[in-house]
Each structure stands twice: as structure tokens, then as C-alpha cells.
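Below are two complexes that have chain A in common, paired first with chain B and then with chain C.
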Partner chain A sequence: MKFILKILKNLPAYLWSGWGAIASILLFIAFWDIGNQIYGNLVLPSPLETFKTLYAMLHSQDVWEQIDITLYRASVGFGLSLLFGSVLGLIAGFFATASMMSRPVVTILVGMPPIAWIVLAMIWFGMGDETVIFTILVASFPIIFVGALQGTRTLDGDLKEMADSFHLPWHMKFIDVYFPHIFSYIFPAWVSGLGMAWKIVIMAELLATSDGLGASLAVARSQLDTPTALALVVIMIGSLMFIEYIILEPIKREVELWRS
Partner chain B sequence: MSTQEEKLHATNHYLYYPDEENIPTYLAYGFRPIFLLLAPYFIISIVLWGLVWSGYLNIPFMDNVLTWHIYEMLFGVLTAGVMAFLTTGLPELFPGMIPFVGKRLKYIMLLWVSGRVSFWFIDTTGVYLTALLNLAMLGWLIWFAKDIVLDKLQRHASLGYILIAIFGIEVWFFASILGWSGSDSMSILRVALGAIVILVLLVMRRVNMEAVNELMEDKGIDDIYISRPPLTNLAVFSVILFTAVEYLYPTNSALGWIGLATGASILAITSDYSLEDKFILNQPYVIYMFFIFVMLSLGYGLMGWSILFNEGNGISSFRHFITAGGLGLSYLMVMITIGWIHTGRHLTSNIYTHLMVSFMILATFIRGLIPFFQEYQMQLYLWSAIAWSIPFIIFIKVFFNFLLAPRADGIKG
Partner chain C sequence: MEKLEVKNLNHHFGFTEILRDINFTLSKGKILSIVGPSGGGKTTLLHLCSGLLDVEEGSITNTFDSSSFAFQEGRLLPWKNVIDNIALGLLAKGKNKSISTQKAKEIALKFGLEEEDFLKFPKDLSGGMKQRVSFARALVVKPSLLFLDEPFSALDIGLKKELQTHLIEISKEENISILFITHDIMEAIRLSDEILLLKADPGHIAKKFSYALTQEKRDDRFVYEESAKILQDKDIIETFELNTLELK
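On to the complex of A and B.
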């Protein structure tokens, strides 16, 4: 509770410090505008036109349905990889043998291009939710798994010994000794896993489904509707930035504070 | 504080004081004669301009009243403000430098005054004299500040370089007036504004740190405030970009986005005010200085908005957030902080300082938001001019006694 209050207390200052980031995004948009002036509306619509399209889209029921569908797939896929990745990673971290065995498997999972997983998943599950969810799972699972594994592998033996010699009860040992350390590894892994999930869900939808944001992107492409395509991209990037910078980053800062 | 301690404290400001004899108090330090002249000058000129723009007064001044209005409000008062900052700040930034006082100070002040006189009588005395006197004044300031450019460590060299750039722009302006350069004189003045904003950002970074840290020391707040260079640099970069693009493509939509970006980057500087442990945003001087950035930021942001969504309408009114608001408040802050600290007093906030800052902000909003209340345009011009002059009237009331009396802590200067 104290932890949450502290995050909330620091939130206004944190948000205010974002003006620099907003400035660089706006400068980027200015370059986008110059690109539009050079290459024309068909190739690169102007930022203003894109935002106007986006505004109109956000007023349509249909677009929100597509967002819902995509959000559902991304959260189920990410939720599953969060669960399996964290639990298995922690277990593997506690046993040297398990971590030794799991390393090459993780390398295989990381090394396999997501697009190949999509092809396999389309054969196994057909065109639908399962294909997308499965692809997200295999793509972001290894990231979280490795984070959890690293967190437990790097636990400080001396601290553990100290906790033992003071006869700390198990829950104190867990909350005050193990948890801050492991969490500072696993949380950034969740953040990168989420970023990965959000990218993969669009790609999988674009290739394997007929609904969701990815599928809308495919339709926009086939109709050469660049403003809509860019507006969809803005939705994806905007939502990812919101989750990452407004929700997760303040927590991450608080979690990692003890390191500095 | 004991007298001994106070004397020790004053050596923060200079190491040696010149041994010229019989220096009158009003010439005992660079800022004194400047503020004694600048405050009344602001009042007289803004009221005159207010009467001209609202149509109550018809001065057959020149064929191009607008251009010269901008010229005077930028270059004319700039030299005074810069001189106050340099003559007071340099002995502090470079210990060992001897304060500029006495007779020589009087001559330079006379040069500034003659520059103003030649400006108001430009129809009779001609452009050449105005150009000569005003360029001589700025040229002297650069010569005076040569140490900051020649400094091996280059700690404050950026100030010198931007002053040289402003000198070049002023030469360019007169060249265009005299027909030696084909550039449009109005566009040159916009470039000048960009350069002056950069100067203000660089100066504010130093004034900010000095004033805020002095304030915290006074109040026993145990923390240190650092204005981080990268944030100022980002703002300077954005202002340069905006100025350059505005000169070349004044109506391009990309300029609108750059304007918004510049606004955000200037506002970003204020994030330094949130310190690690202590909350200082409730300190009056921090709030005052905070508003300088808010005004500059609003100016660029609204100009950007106008280019993107309003076909550039009202852009010259929005620019007044930068000039009347940002620059005006900067002058005021330099005058108030130096007026307290360098007359041997503590940096104090009271009802007068609150009123000065509030009236200036109010005047800026009245002037800057005219595009939204076109039907009251004439009254608003006049009101904003009156409101803008009030802070300087209060300044005269509060600070002229200090400026005309020796330092309160008894040391020279």
C-alpha cells in the first residue's frame, strides 16, 4: 500500500518530466510532415490528415470492436506467457540442472522467427484466435522465462546466509530478501514481453485472421488507404506508449530504486 | 548574520572593487543606473506604443511603425538588460574581474540613452546615427564580455557567441533598412527574436541556479538545484530550428509541429524544479521563474497551433507571449533579483513582487488572446499596455530607494 502511494506521489513529477519526450515526438512528426510534402499523400499522408482519420475512426463503433478483439488476444497470449514464463523461470532458476537444460531450449525458441511460428500455428490451429494467442505465447515466453531465471540465479548467497542466521521467518525472507531482487529482474522482462506481444499480435492477425487491428491493417493495405493504415499504426504505438510509459515505467522506477 | 559574515558573503559577488574616488551611489555598480533608467523607459515607451496601437495617438513616426516598434522592443531594451546582467554577473562568474563602475559606467549609460533618443527622433536624425549608436552599444557589450569567449574552459562562452550572433543580426537589419540587403526587415526581426530567446534561455539557466539555490540556503532547505544543460540545449535546438524554418518557409505546416515541439521543449526545462527530496514549487521566486518558461512555451505552442489549425491567423498576437510575457518577465526577474541581492538584501517576496509578476502575466494574456476577442481589439491593446507598465511603476516605488542608497550591508558596490 505504501509502495502504491509512493508511486502515486511521484507520478505528477514523473509525468511533467515527459515534456522533453513530447518535444522529440513532435519534432519527429515535423519530419513526417516534410516527408509528406516530398512524397505526396498517397505514399505518406500528412500527420494532420492521419490524426483527423484517427479521430473519425475512434468515433466509429466498429473500430472499437476490432480494438477489443486485438486486446483480448494480446492479453490472453501475454497473460499465459507471463504465467508460464515466470513460474517455470523461477523453478528453473532454483535448480542448476534445470537451468542448464533449459538454456539451449530457450535459444531455440528465441532464435525461431515469429513468422515461422505463425505458419506452423496456422497449420495446427487454423485461422482464428488460437493461432494468434499461440504465436504470442511462444514469442514472449522466452523473454520472461530468461528474466525470471536470471533473477533467481543471481540471488546473493551472502544475503541468504544472513537471513538464515537471523532465523527470519519464511515470509519475511521472501518479501524482504528474495522478492526485491527477483522482481527487479522479472519486471523489466514483463515489460519487454508485453512490447513483443503487442507487436506479434498485429503481425499474426494481419496474416492469420479476418478481424482485429492487424486484419484492419491488411484491408487498408489492399485498398491503398494509407491514412487509415497510419492511423492504425498510431493507435498501436499510442496504446503501447501509454501502457509502457504511463503505467509500467513509474512502477519500474520504484522497483529498481534500491539498485542505485 | 554578523557584519563580518555579511562581508564575506559579498565577496561572492566580486573580489576587488575599483579604487576610483567619489563614486556617486547611482554609479556604484553597473545595474544601478540601468534600472534607474530602464524602468521609467519601459513605462513611457509602452504607454506611447499602447496609445499608438489603440489609435488614440497618431505619431507620424516613420513609414513603418510596426517594424520600428519591434526593433525598439527587441534591440533597444536588450542592451540595457544584457548590460545589467553582464556588469553584475561577470565579476561573479569570473572572480578577479573588477566591477565596471563610476565615470566609465556613466559614459556607457549616456551612449545607451543617446541610442534611445536617436531612435525616437529617427525621422530627423536619420537611420545612420541610430544604427551607429545602437551598434556601438552592443559592440561595447561584446567587447566588455570578451573574457567569457576567451575563457579557456569555455564555461559561459555560449553567452558570448549568441551576443555576437545578435550583433550580426542587428547589422543585417540595418543593412536591409538601408537597402544594402534584399532580405525583408520584418523576417530579420523574427530571426532576432529567436536569437534573443536563446540568449534568455542561456541566461536564465544561470540566474535560475543562482537565485533558487540562494533562496534555498536562505530558507534552510537542504537540497541542491541543478538546471541540467541537456534540457536547455534541447530547447535551444528547437528554437533555432523554429527560427530557421520560419525565416525560410513561414507558412509551412511542418513549422506548426516544430512550434508545438519548441513549446514542449521549453516547458521541459521546468521539470528540474522537482527536486529529489524537497518540494520547492511553492516558493514564490521559483513560481515567478517557472512562468517565464510557461510564457515562452505558450508563445511557441500557440504559434504552432495557429499555423496548423488556424491558417496562421493571430500569430503576431501569440508571439507576444514570447516578447511581452517571456522576455518581459525575464527583464523583471533580473531587475527584481539583482535589485534585492546586489543592494545587500535578501531575496524577498512580498505583495509588491507578487503584483509585479501577476500584472505582467495578465498584460500578456490580454495582448496574446486578442485574436479570440477581435471585437474588443482596441480596448484590449490599451489595457494590456497599461497592465504591462504597472510592474515597472511598482518597481520604481519599491526599488528606487535601494538603487539610490548604498548597499544595506555596508560594503561597496
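On to the complex of A and C.
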């Protein structure tokens, strides 16, 4: 509780530091507008038109339903990877054999292009939620798994010895000695896993479902409705930026104050 | 009677012989120092005595109720501030949070740390401050046996003397026994009932020096005189290779 208060207290200062980011976004929009003036409305609609379309879309019930569907798939897929990736990664990290055995599997998972997974998943599960969720799972699981594994593998033997010399009970050893170290590895992995999940959910929906943001994007493409397509992209990027910079980054800052 | 008894102890790391035939006894309430050249195996010996390393040959009997360790490199938890680091051992013993914090603060102040340092993380502390935190963490649990591995090596002479005085006081009050490693001969003479000279390659005890006068009565003069004496000792000169350093 105290911790959450502290995060909230430091939030204004953190947001203030975001001016630079806002400036660079505005610059980006300026270039976008130049692009529009060069290439015309069909190829690249102006930012103004895009944001107008976005505004109209956000007032339609249907778009929010699509967002809900996509959010649901992304959260279930990411939630499962978070759970399995963290738990299995920790276990693999604690046992040398397990971590050696898991390496080739991880290489295969990381090396396999997500698009190939989508094709396989479509064959296995058909067109629907399962295909999307499965693809997210196989894409973001290995990232989290490796983070957890690295965190456990790199635990400092000297600190373990110190903990033993003070006869720390097992729960203190875990909370005070192991956890903060592991967390400093696993948390960034969660963040990248989340980014991955968000990208994959759109791609899988575009190819394998008839609803969700990805499918809306496919429809916009087939109708050559570029403003809607761009507005959808803005929604996707905007939501990811919100999660990353407004929710995750402040947490990370507080938790990692001890790092230089 | 609690005691620590080391008998015919040998130790190897791989094929390198580190310690050979170490014998000594530390009895209740005594302070035993180990001096010797760098890399001579002092830290290894301390780790063996405290059970952090497994004994391979020979025996170590430790009948002390409790012990704690101040490590040469501090080994503070980087994600905990000064007070939480010091309180670690107390919490491990099941003391409640507010009592532990209170005691940690008291001892921190006593060791010359200031209130404004209390919430700092180890990365923001000087070398000497880290050492004091590590020393405080070991001492605050009032163990019956204390292992100290060069606890004062990064302190200025003023602080060093102050902490030595605290150490003597607390060890007398609480009847704490101490196994102490140092490079500083004067420090060893001020604190110890007995000094073991650990000669290198492989580490073995070349000589023992005993001091009967109680620590509170040892003034500067005593320390200087004894230091001068010990520095002329043949074994000390040989062990630290003092003669080869003489200016031509």
C-alpha cells in the first residue's frame, strides 16, 4: 500500500519528464503531414483526417466491442505466458539440468517465425480465439521464460552464503535475497513479452479471425479505407504506449531505485 | 564452556594446498586475531570455522550457541537501505520489525553513520560506510561468536579507534568471543588475547603471541611498544618479507 502511494506521489514528476517525448511525437506528426502533402490522401491521409476518423470511431459501439475482443485475447494469451513463463523459468533456473535441457526448446520457440505458428494454429484450432491465444502464448512465453531463467541462474552465491551465515528462514531468503534480483530480470521480460503479445494479437486476428482490431484492419485494407487503417494503428500504438509508459515504467522506477 | 577448537586442519582448492595443519582453540569471551600476508588463506580459514566451507581434513568443533559473520567485501543486499541491511539478522532471529529497526538505528548512530544515510542504498555509500554497515549487521545480533574479516580496513584511524573501542566494550559486556582477521598489527595488539601468525604457501601457523593485559588497560603506549617489539620478531619479518623492502 505504502508502495503504491509512493508510485502515485512520484507520478507527476515522471510525467513532467515526458515533455521531451511529447515534443518528439509532435515532430513525428509534422513529418507525417509533409508525407501527406507529397503522396496524397489515398496513400497517406493527413494526421488531421486520421484523428477525425479516430474520434468518430471511438464514438461507435462496434469499435469498442472489437477493442474488447482483442484485449480479451491479448490478456489471456499474455496472462498464460506470464504464468507459465515465470514459473517454468524459475524452476529451470534452479536446476542446472533443466536449464540445459530447455535451451534447444527455447531456441526453437524464439527462432520460429510467428507467422508459421499462426498457420499451424489455424490448422489445429480453426479460426477463432484459440488460434490467436495459442500464437501469443508461443511467441511471448520464451521471452518471459528466458528472463526468469537468467534471473535465477545469475543469483549471487556470495549473498546466498551471507544469508546462510545469518540463518535466514526460507521465506526471508526468498523475499529479501532471491526475489529482488530475479525481479530485476523478470520484469523487463514481462514488458517485452507484453509488447510481443500486443503485436502478435493483431497479426493473428488479421489472418485468422473475423473480429477484433486485427480483423477490422483487414477489412479496412480490402476497402482501401486508409484513414480507418491508420486510425486503428493509432489505437494499437496508443494503448501500448499507455500501458508501457503510464503503468509499467513508474513501477519499474520505484522497484529498481537501488540500481545505479 | 563454549569454545571453537580447530585440530589438524588442512584445506585444498583443487590441487592447490591452501592451509596446512592448523591448530588453535578460541575459548569463551576471548579475542583471537589472525594476521598474515594477503592470499595466505585467512579468509578461507574463517569460512571453514564458520561452516560456510566444508571441512575436508582435520576437525573443527564449534560449541558456541550462535555466530555471525562480517565479510571482507561487505556483502550488503543492494536492494535494501542501510537500516534494513543492518536489521536483517535481527529479523531472521524472529524479532519484530519495529524493534529491529530501532536497534539497527541505535547501532548505526553509534558507528558514526548519520540519520541522513539511513535510507541510502549500498550503491550510494562509501567503502568505509559499507564496512560499518556490514560490521553493525554482524554485531547487532549479539552472537556468542563473532567472525570478523578485516572489518576496519577501509576506515580512517580515528574511526578505526572508535570502533575498536566499541568492539572491546560490547564484547566485554556481552561476553562475546571473536575470531578476527586483520592486516594491521597495531589493531591486532590492541584487541587480541592471542595473535596467530599465518604464513603463506601453504598457510600454516608460524607463531602465536599472547597478551595477558586486559584490553581496557591497553593504552597507546602499550600498543606502540608491543608493535615495535613484534615488528622485530624474526618470524614476522620473514612472513611479511620485511627485510627485502629495506632501502639500500
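Observations on the structure shown:
Note that in this section the second predicted complex is superposed on the first by the 260 of 260 C-alpha atoms of A that agree within 3 Å, B and C clash if a C-alpha of one lies under 4 Å from a C-alpha of the other, contacts with A are read in each partner's own complex, and residues count from 1 in each chain.
The rule is simple: a residue touches a chain if its C-beta (ideal position, glycine included) is under 8 Å from a C-beta of that chain, and two chains touch if they have at least 3 such contacts.
Everything quoted here is computed from the prediction, not taken from an experiment.
Of the two partner chains, neither chain B nor chain C is touched by A:His59.
In the overlay built on the shared chain, the residue A:Asp158 is in contact with chain C alone; chain B does not reach it.
Using the contact criterion defined above for the overlaid structures, shared-chain residue A:Ser17 touches chain B, although it does not reach chain C.
Residue contacts after overlaying the shared chain place A:Pro47 against chain B, while chain C stays out of touching range.
Of the two partner chains, neither chain B nor chain C is touched by A:Lys2. By the touch criterion defined above, A:Ile29 lies against chain B but remains apart from chain C after alignment on the C-alpha atoms of chain A.
Look at A:Pro169: by the touch rule set out above, it reaches chain C but stays clear of chain B. Contact with chain C, but none with chain B, is seen for A:Pro180 once the two complexes are overlaid on the shared chain.
Once the two complexes are overlaid on the shared chain, A:Gln37 sits against chain B while remaining clear of chain C. Across the interface of their complex, chain B is touched by residues 13, 16-17, 19-20, 22-27, 29-31, 33-34, 37, 46-48 of chain A. If you check the complex, the residues on chain C that touch chain A are 50, 52, 67-69, 71, 73, 75, 77-80, 88-89, 91-93, 121-123, 137, 141. The residues of chain B lying in touch with chain A in their complex are 231, 234, 238, 241, 252-255, 257-258, 260-262, 264-265, 267-268, 270-271, 274, 308. Residues of chain A that touch chain C in their complex: 158-159, 161-162, 164-169, 172, 176-177, 180-181, 257-260.
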